[in-house]
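Below are two complexes that have subunit A in common, paired first with subunit B and then with subunit C.
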Partner chain A sequence: MEKPHWSSIGPAAAALALAVWPLVFQDASLYLQVMGMACLYGTLALAWNLYALSGAVSLGHAAFFGLGAYGSALLSHHWQWSTVATIPLGALAGLAFGILWNLGFRRLRGVYLGLASLAAMEIPKVILDNWDSLTYGSMGMTGLSKLPVLTLGGWQVDLGFDLKAQYYLLLALVLATAVLLRQIMGSRWGWALRALRENETAAIAIGIRADRERARALLGSAYLTALCGGFYVHLLGLVEPPLVFNLHLSALPLIFSIFGGRRLFYGPVLGALILYPLEQLVFQPLFPMGHAGVYGVVIILTIFFFPQGISAWRGLK
Partner chain B sequence: MSSNAWPWAYIFTTGFSLGSFYALVALGFSLIFGIARAFNLAHGELIVLSGYLAFALWKFCQVPFLLTLPLCLAVMALAALPLCLLLRRLGEPYGLNTLVVTFGLALLLQNLMLVLFSADYRLIRPELPGLTLPGLEVAVSGSQILLVLLSLLATGAVHLLLHRTFLGKALRATIQDPEAAQVAGININRMAFIAFGLGGMLIGLAGPLYGQNMYLFPTAGVDATLIAIILTIFAGVGRIRTLLVGGWVLGLVESAAILAMGSRWRELVAAALLLALLAWRPEGIAARKQE
Partner chain C sequence: MTTCLKVRGLSKHFGEQGVLREVTFALEEGEALGIIGPNGAGKTTLFNLIAGWLAPSGGDIFFYGRKITRWPPDRRGRGGMARTFQTPQVFPEMTVLENVMMGAWFGREPHPPAAQARDAARGLLEVVGLADKEAAPARELTLMQQRLLELARALATRPRLLLLDEIAAGLSLKAVKQLTDLMAKLRGQGLTLVLTDHLLNLVVPVSDRLLALDEGQIIAQGPPQTIIHDPRVEAAYLGTAAAAAEEG
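Moving on, here comes the complex of A and B:
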């Protein structure tokens, strides 16, 4: 990061390419859908990486995702609020779980935190699965309201059904989150978090308030993840416990971040933009059933051969 | 099972048989963790894989169920050894790296099993004679008897190995302090290899038993992994009697919870116990220094 102006040219060019390609290729609905989801998962990975900056490896981020999803779905189903309001408000459920998480797991580090987070996901899942009167239990909810039609000075954008508009929405989401992460990683807070990761005792000795900084990272990460959950269910129009509370959703941000590289702000997005389309467009046609297994292979190979992630390649030269 | 008149006897029999099995499930995880220092999040998936192997042998090759046990035992022991060699090459932080790699392995195995065996629920149903406990009127199925017998036999055998043989002494020394063990001339890499071999055998044994008592499906392993982690944290590493007690307690609590609230809350029991243990006794799992 010693040459900041150089290091942002690559990501900026990539962002421009992502914004321009749908204008060049017409009738690419499959690609729009896949790249849109890749952007959503990129946001998820960035959110995960915010918490991981402090050295925490979470295996349970699906809990935040699912709570954000259910929070928004329930608000829009029971009170018929617009999704513009329910997504940010529903994500507060994820934030609340983040506060509980922080109270319960404050003393846990490393492997133990990973194990605890793995188990933590079960709690909201089982509760929502059994609270039939509120959530319709394992039946889930279908026919949720889609994203609204925005009107900007006579120009209508149908976010509910126009795939191109959805793609741009998700692209904007991931770019905004990436810029946010870039600012955070360059700030004193970002360095404080990384200092905690490298050596907690030394970090406390130079005056970093470990618990407070880590809690802020977790809450930010939880809220962003929950927002993604809200977008996800309203894009799909349905929600059920296994759809949003599953190991796969906890695994993806971890895999994208580690594959892309956790040291650079765009690493997690890079991982998502490479791996998700690869899985959906290449491996799904080849192996219709077990195509997600490719993520398992990727994460194993990454840890063995590029433990710093692929974005660290440039630095190795 | 028509046991509404005797819920307590029912809870005790299911709790006891489940609990013995849980101890068997946890034992392999705990040996691998204690001796090789590797967190194996794919533990449950390997058990389910072994269960599917037994299912395939039993269903498609007409192998008698009892014969699938030694076959699975041998296959899984051989499968665990390459895993040991693979994990040995990981760098620091070793614990976290093994966690992430085996998490990836778990994902891979889940999808592999989905391809090979589809998402249908499978159950191995061998014809084993059951019996009714005298005086209690609780029917005990043959598979439950087999479950308890083999689980206790395997845990007992590992206990004897650890406490009555020279190899066991070396293994226990490695659990207590790998560096001191090395100074004393113990090859800790070989001990890790043996731990994976033993763990693989226990996994191989647990698989067919799992398949004849609980439904097999590709993601069933997560539960088994959670149980292994819970009991290992509860008991500490290499303490088999505590592991058995913990298994029985967990089995009893679970079967009581199922009876009281319905089977859908069962997953919550295991998760809540794990969180409570981590909150109150996070040092339990690392209890290698002293007690």
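Moving on, here comes the complex of A and C:
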């Protein structure tokens, strides 16, 4: 297929800058924390966009996030497994919900899918909120095991408490996911998803299996989102239903993707890396009560002035 | 001779309403069949049953001897059936070239690698006369150009049967003439065709045989010149025209 019209130099330079700055600036723990979370949200946005590539706009991805979070937290709490195992295994809960989602919602499009997905988040939330014997209900769980200490040839990295190590872990996660999305978007499957997004009728007429390709995108998206949930709760060391089954977590990837641009593989990450630090470092100190409102303003301005997202800037003449 | 398509006792009801009743016909490889009839005769329903966009209430469809009655439309696409739509269905944000490549890259199995799909697409853009629009997004094309693009994409799937639904609708006489010439050229390459048309200006010169529908039934079939002068066909068309005149 045609090569996409972007050069890899910009994204590669940005990745390098993200890798190098902590080595230059010492004692930057606040920035490490914020940028680390921005990377996690960037991964979340990429995961959301994988499903959106097929034309589906989900408002319920917090369901996958929360199930991945609880999946890992429960395995870790009840069986004391290492988080190295519980995060990828716990994320299977998100995948399982993706299968149910697909059974229930595969005929829905547009606004109907959005509304159904919004409601879908409530189902796992209510169950986990009330299953006290397993989940401690709305009390949640604290003291969850932190991420482990990695030993690489005599060199120790404490992912549980070293903020710099955590930052690099999350940076690696977002970069790997971005590369994955880039490969997908250039592949035959990526073009099938694009065809479905642009004109499902035409896509079916040329033989594209609409339901199957969209379901694959959903399941990939669900699993990646659930992985993010797992990382999130073990970084924090606690979980409770409203923390992870949170509308905010469904809305953020959409906001970051729309702001950054959904058509380029790095668009959603770009959105997360710009908006999240902006909100945390600039708007929160200025407007402690209404800082999250910045997202509303940003989305309105983006839709008015950059309907394709800011990564499409160069294309404007 | 090989039979490409066989339709046996095909019926379609929407609720109480019978739209198509016991339609039976066959199509040989390399043949072009025109389905004609006044508005509401069941042309589009028959067309959509063949292409798989509607499920029949009764009867069977065979494609090169295989029963495909229950195949969904995408499977028919991969099996070698390509179709166009009354309202052209293109990928609006993709370029003209990418639109046609999609046909080659998906479409009938086995699928060629990307480079080969691109070459095939370029060749087909030459054939339909859109080569100079290659890099334009499909949404910028005119109706006629979108029809040609859709046709090129359908051809790119390397179809064993091409289904064209009202391909002349809404076009100027000059554009219809251009399409007719293009069809003649494609027919020369052995393409098997089913066309619907409620005006007769494209379907008559292009088809080997016409199948006239009225009220969901075949009322006549045979060579175009015979059929358009068939009294039953004239009555069906005139009957509609007369009814319309009365209402108007």
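Note that in this section the second predicted complex is superposed on the first by the 310 of 317 C-alpha atoms of A that agree within 3 Å, B and C clash if a C-alpha of one lies under 4 Å from a C-alpha of the other, contacts with A are read in each partner's own complex, and residues count from 1 in each chain.
Rule of thumb we're sticking to: contacts are C-beta pairs under 8 Å (C-beta built on N, C-alpha and C of every residue); 3 or more make two chains touch, one makes a residue touch a chain.
From a predicted model like this one, the values you see are computed outputs, not experimental measurements.
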| item | value |
| --- | --- |
| Three-chain arrangement built on subunit A, subunit B and subunit C clash or fit | fit |
| Touching partner for A:131 - first (subunit B), second (subunit C), both, neither | neither |
| Angle, in degrees and to the nearest 10, that opens at subunit A between the C-alpha centres of subunit B and subunit C | 80 |
| Subunit B versus subunit C as contact partner of A:192, first or second or both or neither | second |
| Subunit B versus subunit C as contact partner of A:292, first or second or both or neither | first |
| Which of subunit B and subunit C A:161 touches, first, second, both or neither | neither |
| More subunit A residues in contact [subunit B versus subunit C] | B |
| First, second, both or neither for A:202, with subunit B first and subunit C second | second |
| Contacts of A:116 with subunit B and subunit C, given as first, second, both or neither | first |
| Overlay on shared chain A, then closest C-alpha pair between subunit B and subunit C (Å) | 13 |
| Overlapping contact positions on subunit A, where the subunit C interface meets the subunit B interface | none |
| Residue ranges of subunit A in contact with subunit B within the complex | 57, 59, 104-105, 107-108, 110-112, 114-116, 118-120, 122-123, 125-127, 129-130, 247-248, 251, 254-255, 258, 287, 289-293, 295-300, 303-304, 307 |
| Of subunit C, residues touching subunit A in the complex | 51, 73-75, 77-78, 82-83, 85, 89-95, 97-98, 101-103, 105-109, 111, 114, 117-118, 150, 153-154, 157 |
| Residues on subunit A engaged by subunit C in the complex (per definition of touch) | 1-2, 188, 191-192, 194-195, 198-199, 201-210 |
| In the complex with subunit A, residue positions of subunit B that touch it | 39, 41, 89-91, 93, 95-97, 99-101, 103-112, 114-115, 118, 219, 222, 226, 229, 264-265, 267-268, 270-272, 274-275, 278-279, 282, 285 |
